[in-house]
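Quick one: the structure is below, questions incoming.
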Amino acid sequence: MSEILALAGENLISPIILSFALGLAAALARSDLTIPEAVAKGMSIYLLFAIGFKGGVAVSAHGIDQTLILSLLAGLVLSFALPLIAFALLRVMTGLSHVDAAAVAAHYGSISIVTFVAGTSVLEGKMIDAEGYMVAVAAVMEAPAILSALWLVARSGSGAKMDPDLIRELMLNGSIVLLVGSFFIGAITGEEGLADISAFIVSPFQGVLCLFLLDMGLIAGRGLRQSKGVLGLGAVGFAILMPLVSATIGLGVGMLIGLSLGGIVLLMILSASASYIAVPAAMRVALPEANPSIYLTLSLGVTFPFNLTLGIPLYLAVAQSVTGG
Amino acid sequence: MSEILALAGENLISPIILSFALGLAAALARSDLTIPEAVAKGMSIYLLFAIGFKGGVAVSAHGIDQTLILSLLAGLVLSFALPLIAFALLRVMTGLSHVDAAAVAAHYGSISIVTFVAGTSVLEGKMIDAEGYMVAVAAVMEAPAILSALWLVARSGSGAKMDPDLIRELMLNGSIVLLVGSFFIGAITGEEGLADISAFIVSPFQGVLCLFLLDMGLIAGRGLRQSKGVLGLGAVGFAILMPLVSATIGLGVGMLIGLSLGGIVLLMILSASASYIAVPAAMRVALPEANPSIYLTLSLGVTFPFNLTLGIPLYLAVAQSVTGG
Amino acid sequence: MSEILALAGENLISPIILSFALGLAAALARSDLTIPEAVAKGMSIYLLFAIGFKGGVAVSAHGIDQTLILSLLAGLVLSFALPLIAFALLRVMTGLSHVDAAAVAAHYGSISIVTFVAGTSVLEGKMIDAEGYMVAVAAVMEAPAILSALWLVARSGSGAKMDPDLIRELMLNGSIVLLVGSFFIGAITGEEGLADISAFIVSPFQGVLCLFLLDMGLIAGRGLRQSKGVLGLGAVGFAILMPLVSATIGLGVGMLIGLSLGGIVLLMILSASASYIAVPAAMRVALPEANPSIYLTLSLGVTFPFNLTLGIPLYLAVAQSVTGG
Amino acid sequence: METHTAKRVEIVIEAPLERRLTDALTEAEVTGFTILPVLGGSGRSGKWSREGQVGRSGMVSVVCLIKPERLDGLLDAAFTVVEKHIGVVSITDAQVLRAERF
Amino acid sequence: METHTAKRVEIVIEAPLERRLTDALTEAEVTGFTILPVLGGSGRSGKWSREGQVGRSGMVSVVCLIKPERLDGLLDAAFTVVEKHIGVVSITDAQVLRAERF
Amino acid sequence: METHTAKRVEIVIEAPLERRLTDALTEAEVTGFTILPVLGGSGRSGKWSREGQVGRSGMVSVVCLIKPERLDGLLDAAFTVVEKHIGVVSITDAQVLRAERF
C-alpha cells in the first residue's frame, strides 16, 4: 500500500501531470490562459496518429499473438457491459433521472483516449512493454457503450430514437478512423516506416502531451467552475468508485485472456476511463433531454483527473502485485 | 517496366502515401475526421519554409552552377507553354466550354508545391541529390500559366479582364514569398543556419508531411464525393494523360539544360503537377464564369493523387533509365 | 565600437532575424502571406512554456542564489519607475496628449517576452549562462507599469477608473500564468523532467522561434503600413532612445545586485523592451481614450525591431565591456 | 437597384446537429443557407464558450434567406430538428438583390 | 408556426471588453445572447483585420434577441460598456419561435 | 435611448474577392463595415464547407450599417464586385445608437 502511494507520488511530479495541474489551477483562478481550439485539435490528431502508428509498428515487430482476437472481443463486451453496472450504481448512489443516469453510464462504458495515452507513457517510462494492438482495443471500446445506454432508455419506454445515421457516425468518428488508420499504417510500414518519422512521432511526444494536458486541465477546470453545485456528493462518489470497479473488472478480464502486465494495465485504464468527446457529442444527438453538464462534469471534471493522477499508478501497482510482474 | 512497377509499389507503402490514402478513404467513407484549417495552413507554412530553407542551404554549399539561369528560364517557358498544350488536349478530349478549358489549362501549367515536396522526400529516401535552386524554379512556375490562360480567353473575345491588382497579388502570393524568402535565408545563413534549426526543419519533416497529406487526402476525397458526376471520362483521362505529357516535356528540357538526375526528376514533377491553391483563387477573381468544381476536381481529385502514388516513382524510374543514372 | 558593430552584423544574419525581416518585407510589399492566429498563439504558448520550463530547470540545477529576491524586487521597481521616465521623455520629445503619453509609458515599463526569448537564444548561441530565474523577473515586470500609467492619468484629474477586475486580470494574464507555471514545473521536475521533454522544448526551439518571428515581422509590417503618418519624428526618436535609456538603467541595476553577465544582459533587454500584447489589451479597458495605433506602432513597429536587430547585440557588447566578461 | 422581399431566418443550434439541420432544410427544398461559427453564448441552459469545449461541441448559426411564402415550410423543417434541443430561431424581414438566386 | 415579436440587438465590440459587456447584460437580466467572431472591419477608428493583430485584440459581435419591452434596459446596460469604446450597436425587428425561451 | 434609422446590408461573398469588395465600398465612401467568417453554406452553385477547402477559398460575410439615403450608392458599389460571382446580398431595416458614428 505504501509502495502504491509512493509510486503515485512519484507519478504526480512528472511534467505531464504538473502541466495538467497547472491548467486546472489556472482555470480555477480564472486566468484567461487558453489554448486555441485549432491547436488543441491539432495536438489531439498528432497524439492519436502517433499512438496508433506506434501500436501498429509494435504489432508488426512482435507479430499478432493469439490473444488479439480475445482482446478485441473483451473490449467489445466490456464496453457493452460496463454501462449496465454504471447505471445500476448511479440508480443506487444518486438521484439522477433515468435518462441522465443512462447518459452518464454511456460515458463510463466508453473510453478516454488521452487517459490511455498518458498510461502508455507511464508504462514507457517504466520500460514495461504492452501489446501494440491495445490501441485497436481502445478503438473497439469507443462506441458500443452508447448502444447500451440507448437500450437502457428505450427499455424504460421514453422514446429515445436510434438515429439511423448515428451508428455510422459513431463507427467512423474521426478519432476511431485516425487511430485505426494509423495503426494499419504502422503495421504495414513497420520499423522502416517508424524510422522515417520517429523524430516526429516519438521524440517530441511527451512534450506535446504536456501542452495537451495543460489544455485538458484548463477545460476541466472551467467545466468544474461552471458546474459548481450541479453535482451531489453521490455523483462525485460514483465518478471515483466507478473507475475502481471497472479497473478491477478489466484486471480480471486481462488476466483471463492472458495479456502481458502492460496489456493488463492498459485494459484496466481503458475500462476505468470515461469518454468526454465522442460520447457527449453522440448524447446531444440521441439523448438531448440528458443534461450535458452532469455527464461532462463527472467524466471530465472528476474521473479524468482522478485517473490521470491517482488511478494510473494505482492500477499499475495493483496489476504488478497481482501478477507478480 | 516491371522494375518501374516494383518501384511504384515500394513507394506506395511509405507512411506519407498511406497517410494520404487514409485521408482519402476516410473522406469517401464520410468520416467526420478533419484537420483544422489553421493547423493545415500552419503545416503548409512549415513545409514551405523548410523546403525553401534547405534549397537555399544546398545552393550555399554547392555554389550556384551554370544551369541556374537556364533552369529558371526553362521553368518560366514551361509554365507559359504547358497551358497551351493542355488547352488543345482539353478541346480534343472533352466537351468543356472555352472558359472552363482555359481555367483548367492554367492549373496544369502551374505547379503543386506539395507534389514537389513529396518528390523531394522520395529523392532523399533514395539518396539522390538535386539542385537546391529547384525550389526557386518551383516559385517561378507558379504564376505565368495564369497569364497564358487569360490570354486564351481574351483571344476568344469573351471579356476576361486582367485585374491590374491580380498580377501583383500573384507575384506576392504568400507561398511564393515564403518559398523564395526562406530560400534566401537558407542561402545566406548556410550550413551554420541549418545547424541552428535542423531539429525543427529537417528531423520532423517527414512526419509533418504525413499529417499534411492526410489532410490533402481528406480534402481530395471530399471534393471527389461532392463532384460525383461533374466530370466525364474524357476529363478524367486528360487529368492522367496531361501529367505524362508534361513530365515527358520536363524530361527533355531538363536533359537539354543539363540538370542532374535529381534535378530532372524534380522538373518533371513540377511540369506534371497541377496547382490547387494559388490558381483556383486567381481564377475566382479573373474567370468567375469558370466552374470551380471542374478544375478543382481534376487537379486535386485526379492529378494530385495520380502524381503522388504512381507519377513520382514513374518519373524517377524513367529518368533513371533514360539518363542511365 | 567596431567590435559592437561586427557583433550586431553577425547577429543580423541569423535565421531568426532574417525570418523577422522576411515577414516585415512581405507585409510592406503587401503580400498576402499570413500565419493563422491560432498557429501564432500556439507557437507563443510553446515558447512561453519552453522558456519558463528551462528557467525552472536551471534554478533546480544551480540552486536559488542570494540575488533571487533582489532581482525580483529590482524588476518590480524598474517596471514601476520606467514609465515615469518614459512619460517625462515623451512630454519633452513629442506632442502626445497626456493620456496618450501615459499609455505609451505603460508599454515601455512592461516587457516583451519575445524580445526576452530572442535574447536568451543569442546568449545560448554564445554559451553565456544566465540566472534561470530571470523568467520570473520577466513575469514580475509585466503588470506594474500599467499601474504607474494609470496613476499618471489619475493624477491629472481625467477620470481614469481603475477597474476592480483589471488588477486580477493583469496578474492572472495567460502569459504570466504560463511562464510562472512552467517555471515551477521545471524547478520541481528538474533535469529528469527536462530529459523527458527536451526533444520538444529544446531541440526545435530555435526553428519555432523563426516562424514566430516571421509572424511578428508580418504583424509589425502591417501595423507600420496602416499607421503611416500617425507618428512624428519625435515619437520615433523616443522609441529608439527610450530602450537605450532603460537598458543603461538595467545595466546599472544588474551590476548593483550582482547578476552574472548573462543575467545583466537579460535585465537590460527586459528594461529596454516594450509590451505589445498584455499592455495594449489592458489599455483598451482602462484608458480607451488613448489611441491604440500610437502605442502599438511605437512598441511593435519601432522598438521591437530595433531591440531584435541592433539592441540585443549592443546590450550584450556593452555589458561585456563594462563587466569585463 | 431592384430588390425583392424575403425573410431572413437565423437558427442557432448545437454543432453536432448541424448536418441534421441542413439535411432537413435540403429535404424541404431550402437550398440556400450560410453557416457562421459561434464563439459562445448564454441561454436557458446556461453560459458556454468555445474555450471551455472539447471535441465537436459548441454551436453554429445558420442563416437562410427565403421567399416569404416558403417561410412556413422552412420553420416546420427546422423545428423538427431544433425541437428538443438547445438553440433559438429568429426571423427578420429583409430585401434581397438578385431574386433569381434564392 | 406561431412566432413572437422580439428585438434583435447586435453589438460589435472590442474583444477585451467582451466579458465586461456580458457581465453588464447578465446584471441587467439579459441572459440570452450569442457571440460571433469578427475577422475585421472598418469604422471611424480606421480599418483593422484579425491578421494584423497580436494577443487578445480584435472584435466580437454579440447578438441578443429580447422582448421589445426589455430593449431599453438592454441598451442602457450595453451603453455603459460601449460608451467610451470602439464599436457599434444596431437593432432590428424580429420574430422568434419558442417565446418561453427568451 | 435615442436611436436612428439605418439599413443593415449583409453581403456573403467569396474570400478571394473580399479585398475588392471593401475597396469598392471605401471608394463609394462606405467606411463602416464588419467582416464575419463563414463556415459553409449552400446555394445555386452547390454546397460547400470550410473543411473541404484549400488555401484562400471559402466565403466571408460583410455587414454594413448605413444611412438609408446612402443605400443605393452602397448597393451599386457592391454590385459591381458581386455581379458575376457567387454570393448573396440582403438588406434589413435597422436602428443604430450613436448616429455620429456611421
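Per-chain residue numbering starts at 1, and chain names A, B, C, D, E and F are given in the order in which the chains are listed.
Operating definition for what follows: contacts are C-beta pairs under 8 Å (C-beta built on N, C-alpha and C of every residue); 3 or more make two chains touch, one makes a residue touch a chain.
What you are looking at is a predicted structure, and each value in this text was computed from that prediction instead of being measured.
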Number of hops, subunit C to subunit F, where each hop joins two touching chains: 2
Labels of chains that are neighbours to subunit B and to subunit E: C, F
Residual chain clusters - subunit D taken out, nothing else repositioned: one piece
Per Cα centroids, the chain farthest from subunit C: D
Reference subunit F; chain at largest CA-centroid distance: A
More contacts between chains, E-F or A-D: E-F
Gap in Å, rounded to a whole number, between the CA centres of subunit F and subunit A: 45
Computed distance of Cα centres, subunit E from subunit A, in Å: 39
Set of subunit C residues in contact with two or more other chains: 32, 34, 36-39, 42, 203-204
Contacts with 2+ other chains: residues of subunit E: 36-37, 47, 56, 92-93
Chains that touch, pairwise: A-B, A-C, A-D, B-C, B-F, C-E, D-E, D-F, E-F
Sites on subunit B touched by subunit A in the complex: 13-15, 18-19, 22, 25-26, 29-39, 42, 125, 203-208, 210-211, 214
Of all residues in subunit D, those that touch subunit E in their complex: 10, 12, 36-44, 47, 49, 59, 61, 72, 75-76, 79, 82, 88-93
Interfacial residue positions of subunit A with respect to subunit B in the complex: 36-39, 41-42, 45-46, 49, 53, 168-169, 172-174, 177-178, 181-182, 184-185, 188-189, 193, 196-197, 199-201, 203-204
Sites on subunit F touched by subunit B in the complex: 14, 16-17, 20, 45-48, 50-57, 84-86
For the subunit C and subunit E complex, residues of the former touching the latter: 34, 37, 40, 163, 165, 216, 218-219, 222-223, 226, 276-278, 280-282, 284-285, 288-289, 292-293, 300
